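Shared between the two complexes below is subunit A, which has subunit B as its partner in the first and subunit C in the second.
Presenting the complex of A and B:
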């Protein structure tokens, strides 16, 4: 009888505890189906798993996170609908996805003052106007491409470079900054080609060869890049290939096979086969939540985790400061955040003038079927010079 | 000169892939006057089924390819039986709307499988690299596309000229009512046209998968790329699909090779064929080989 009472009392206490837990909604709107869903699928899984991990470990006392991943099919109208729903519900932060969706939402984000973390690293997201509430998790595409150009200039002084970019704002994002940086570095960007899903790139590649191109730098997704580097290998061209975050990664290795050897890639995330806490954490989380190998190996999985982690850290900061969790308090917390995360190669820091979380990135090279870092983490001063004039 | 020849040859092989994809589209239109908006999804079904068999079930890729040709034909056959057959005799716009609906349903069903999102690579079933002659390089998957297109072209030419069913198909395409009155089973003809279209769709899915990997959007996109091909060649002409495909392929490559350098951002390869298409349609509204239908009042 006594034991029964104790059990009931315990259950009541637990129930009160659960009842007292504040439910905080974090919505992500991105492409789980449709264009770019090859990245979005893993990004969404990263958000879900990190959120579950936080709830399972009770990381933020008194808060239960409800993370919703919504498939907007890469359709801006759907993104807008999801964003409006989050605003109406009073969500304290929103996780976005595409370049187009983020750029379109900028004025609305500014108007409603809801902190927004996109998966798009377009510099225009955090450039004026309407840029107060948007925060990039890692350096912009512009900085990524300039970092690659710096590496190329160091290893091949005076190199001739062609850029192959996606025919969209996402693809064109780094082009102007890259041209300015190339001029500073003494290398030549001989051509900028927009390319999507060609079955054959012979014409473009032969033209590059005739112009003496030594490197092709891609700002694109992995699929078209794989087709192009396979064509280059078939044509026996002596051209090296390099790309920004979404151009490379394990997806590229899987699609391009041996043709990907030597590909230079810039990202701020760790690779799953590295021996460090970050890589181990990603693998453990993937295993804990039953994710298949392709998810755990994808760079988009930790990318999604980092976006969720930044949001949760800001909410925790606001909570720990004894404030009500709201867009205003989370925004204030984001501006002061200095979190030594283990998902990427540097700490997440924001301020009023700095809306890039992890400032560091690395150049990696495809060797024997995997990407290995060939530089230490660094931040591109040249990017700041050409973009901000600092 | 070798640059020009390389572009020409590349254009022919890429055009062969378009032609292969367009053949199924033309077959269905030729037999039933239906524009099949779900054609790209049949291409995707073929490619992903081959991938599933080869990677997830460990079936030899060549056997998987053969199985897939049959499987996609069966899927297309039953699609016609279940969804299109009840619409025989209905306005053509109703049938077209159903194919748009089918595209949506197939897209949704593929998304329910592990292959709906993501990039996948077929196991290598051809050697790496390709053939090089006179400084011109062609990859093995591209050569296979040319071979497939040639084989299907010859097979269909024989089928429509010599076989009873082929002649029945032509008769149905010409006049459904007259064919029925002569004892031709129109329903059977329609279903067989869909099955044959399924085979060519699967073949093009395998080729595209070998060249650029498997991605739902990319495979369905090939299905859309056949529109300019069949409009140029003539919606109901099988040789037209081949010629149209090759012309589009060559124009794409020559434009990309010679014009892109002068246009900021390039991309003329995607636009130039359409300009030529407009010009051709100005003089030949039914396409290069399409049947001119004259209605006498």
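Presenting the complex of A and C:
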């Protein structure tokens, strides 16, 4: 009898708990199929798993998160449809994906005032106009490229550099800032090439060799980078390769194999084989939710987690402040956020004038088939000067 | 005609009757009912549904253009999205200076000019070679935009908010307002499309498609006809591009890529090449298929999600590809043919033959 009463009491408490739990929707719209889905599918899994983890641990009391990952197939019309659905439903924040999709949504994001965290770290996302509600989790591609140029200038003063960028706003955005930074750093950008689908880069690489290029810096996705570094290896060129976030990582190691050895990569995320809380957390979460090894090893998995984590942290701040969860309160919370997360190499902080969350980066080098950090976390010295003129 | 409301067979006895658009009053009445229905439709649809409907109608306008080039004139065009892009970028450039109702024809005319230029190779080449020439235009367009600072190198060019008769179009009424604009434009251009075959230029398109040498021998100019087809089809696409730019609120190069050109071809094939109703059925079928497959993929994910194989995500592209293949094999005349059979059935009802 006593046991029965206890069970009833427990059930009543649970029922009250469920009844009281406020359902908060967070939608992500990105490419699980189609172009760039090699990154998008892991990014989506990171969001799902982090969200499940938060619900399982009851991290935000009284809130049940409903994280929806939508496959927009890298089609802006689908992204727009998903975004407007989230606005109509009253979602407090939205997680985006591509550069094109985010740029297209910018005027609408500004109009409806819905905080937006893209997977694209394109500087145009957070540059005026219509930039109040877009927040990057880590530094922009422009800052990443300048950071790698700073590293090159330090290790090889007066270096000759070529840039190979994706033929899109995603690829081209850092070029002008990189040229200004190179002039300040005393290195030379001898050529900028666009590449995305080349099957053979012999002519380009031989020209680079003739011009005395010592480094090629990529702002591209891993596929074209892998093709080029394999060609460089085949030609026996003495050129070092370096790249921004989406150019490198475990995806590049998988695609390029031994040719990736020595590749310099700049990112804000930890590698899964590092011995620290962040790497352990990612592996534990992946194992808990039955993810295969390729998911856990992909840098896009923690990237997705960080985007979801920033959104959830802002919602928690708003909730803890006793406010109703809405786009307005989450936006206010984002502007004040200072969260020492373990998914990336620095804390997430935003302000009215700073829409970059983690301000730190590291340079990693491919050694024996894995990326190992070769610098401590640092911020670019020149980026603000060359981009904002301050 | 004994009964002007119905007919059970082909009783046309003159050329005039043969070129008539409506053979019975019931056809006229059904069109009027349909148009009135379309006018009141937004009263019953959510903002979300309106968004999808707008997109389908914009794509229908673009496919009408493709049907002039590929359906009527038989010129394979795999650069149609680039014509849309020309219209969209024109709209982005001129919209700060012109009202939206003037932007639409201007965008169409600029795209028509581009179409005429692209049509010039059609004077010398055809079939697969022409397809490659249109592909070249698509690539040149993407490269040109990507290297034009005035066009933000393919990045977003925001479209201004429209104020119409003192009525500001904002987030809440955006899709409703643009529905009516798209609807009016579409009705006008669809009537033009329907009437095209009643003109000498329209008949020349079909004659050149069927046999350009024979058409030449009969006094038509195949060269001019082909350039005309490209210019007119591109005009439709240009207007659709301008509408798409307003509808999506910004112009981004990715919306006018080769993949979108392929999608238009798929829509034209599924709908029924060279048909008016097919230009509506194709976009509606493929867009709604995609949206429904998205829902189905969520369901699949909920009940069957084996590790390592993303079955749910595969459903959408699989359905798209399968739909095209099945139509090509089993119904190459597209949904328009089903519509024709359906109408025939009811026309003769209750008599089977």
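Here is the rule we go by: the second predicted complex is superposed on the first by the 387 of 390 C-alpha atoms of A that agree within 3 Å, B and C clash if a C-alpha of one lies under 4 Å from a C-alpha of the other, contacts with A are read in each partner's own complex, and residues count from 1 in each chain.
What we mean here is this: a residue touches a chain if its C-beta (ideal position, glycine included) is under 8 Å from a C-beta of that chain, and two chains touch if they have at least 3 such contacts.
None of the values given here were measured: they were computed from a predicted structure.
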Following the overlay on subunit A, give me a clash-or-fit verdict for subunit B and subunit C.
-> clash
May I ask you to decide whether A:222 touches subunit B, subunit C, both, or neither, giving the answer as first, second, both or neither?
-> first
Thinking of the overlay built on chain A, is A:32 touched by subunit B (first), by subunit C (second), by both, or by neither?
-> both
Subunit B versus subunit C as contact partner of A:328, first or second or both or neither = neither
Which of the two partners, first being subunit B and second being subunit C, lies in contact with A:167: first, second, both, or neither?
-> both
Once the shared chain is lined up, is A:112 touching subunit B (first), subunit C (second), both, or neither of them?
-> second
Touching A:261, do we find subunit B (first), subunit C (second), both, or neither?
-> neither
Answer with first, second, both or neither: which of subunit B and subunit C does A:76 touch in the superposed model?
-> second
Applying the touch criterion given at the start, work out whether A:84 contacts subunit B, subunit C, both or neither, answering first, second, both or neither.
-> second
Check the residue A:274 against both partner chains and state whether it touches subunit B (first), subunit C (second), both, or neither.
-> neither
Where subunit B and subunit C land on the same part of subunit A: residues 32-34, 37, 41, 167, 172, 194
Residue numbers on subunit A that touch subunit B, as the complex places them = 32-35, 37-38, 40-41, 167, 172, 191-200, 202-204, 206-207, 210, 222-224, 226-227, 230-231, 233-236, 251, 254-255, 257-258, 294
The subunit C residues in contact with subunit A across the complex are 46-48, 51-52, 55, 143, 146, 152-156, 158-159, 170-171, 248-250, 252-255, 290, 294, 297, 307-308, 310, 313-314, 316-317
Across the complex, what residues on subunit B touch subunit A?
-> 3, 6-7, 10, 13-14, 17, 111, 116-121, 124, 128-130, 132, 137, 139, 142, 208, 211-213, 215-218, 221-222, 252-254, 256-257, 260-261, 264-267, 269-270
For subunit A, which residues count as touching subunit C in their complex?
-> 32-34, 37, 41, 70-71, 73-74, 76-78, 80-81, 84-85, 87-88, 98-101, 103-108, 111-112, 124, 129-130, 167-169, 172, 194, 290-292
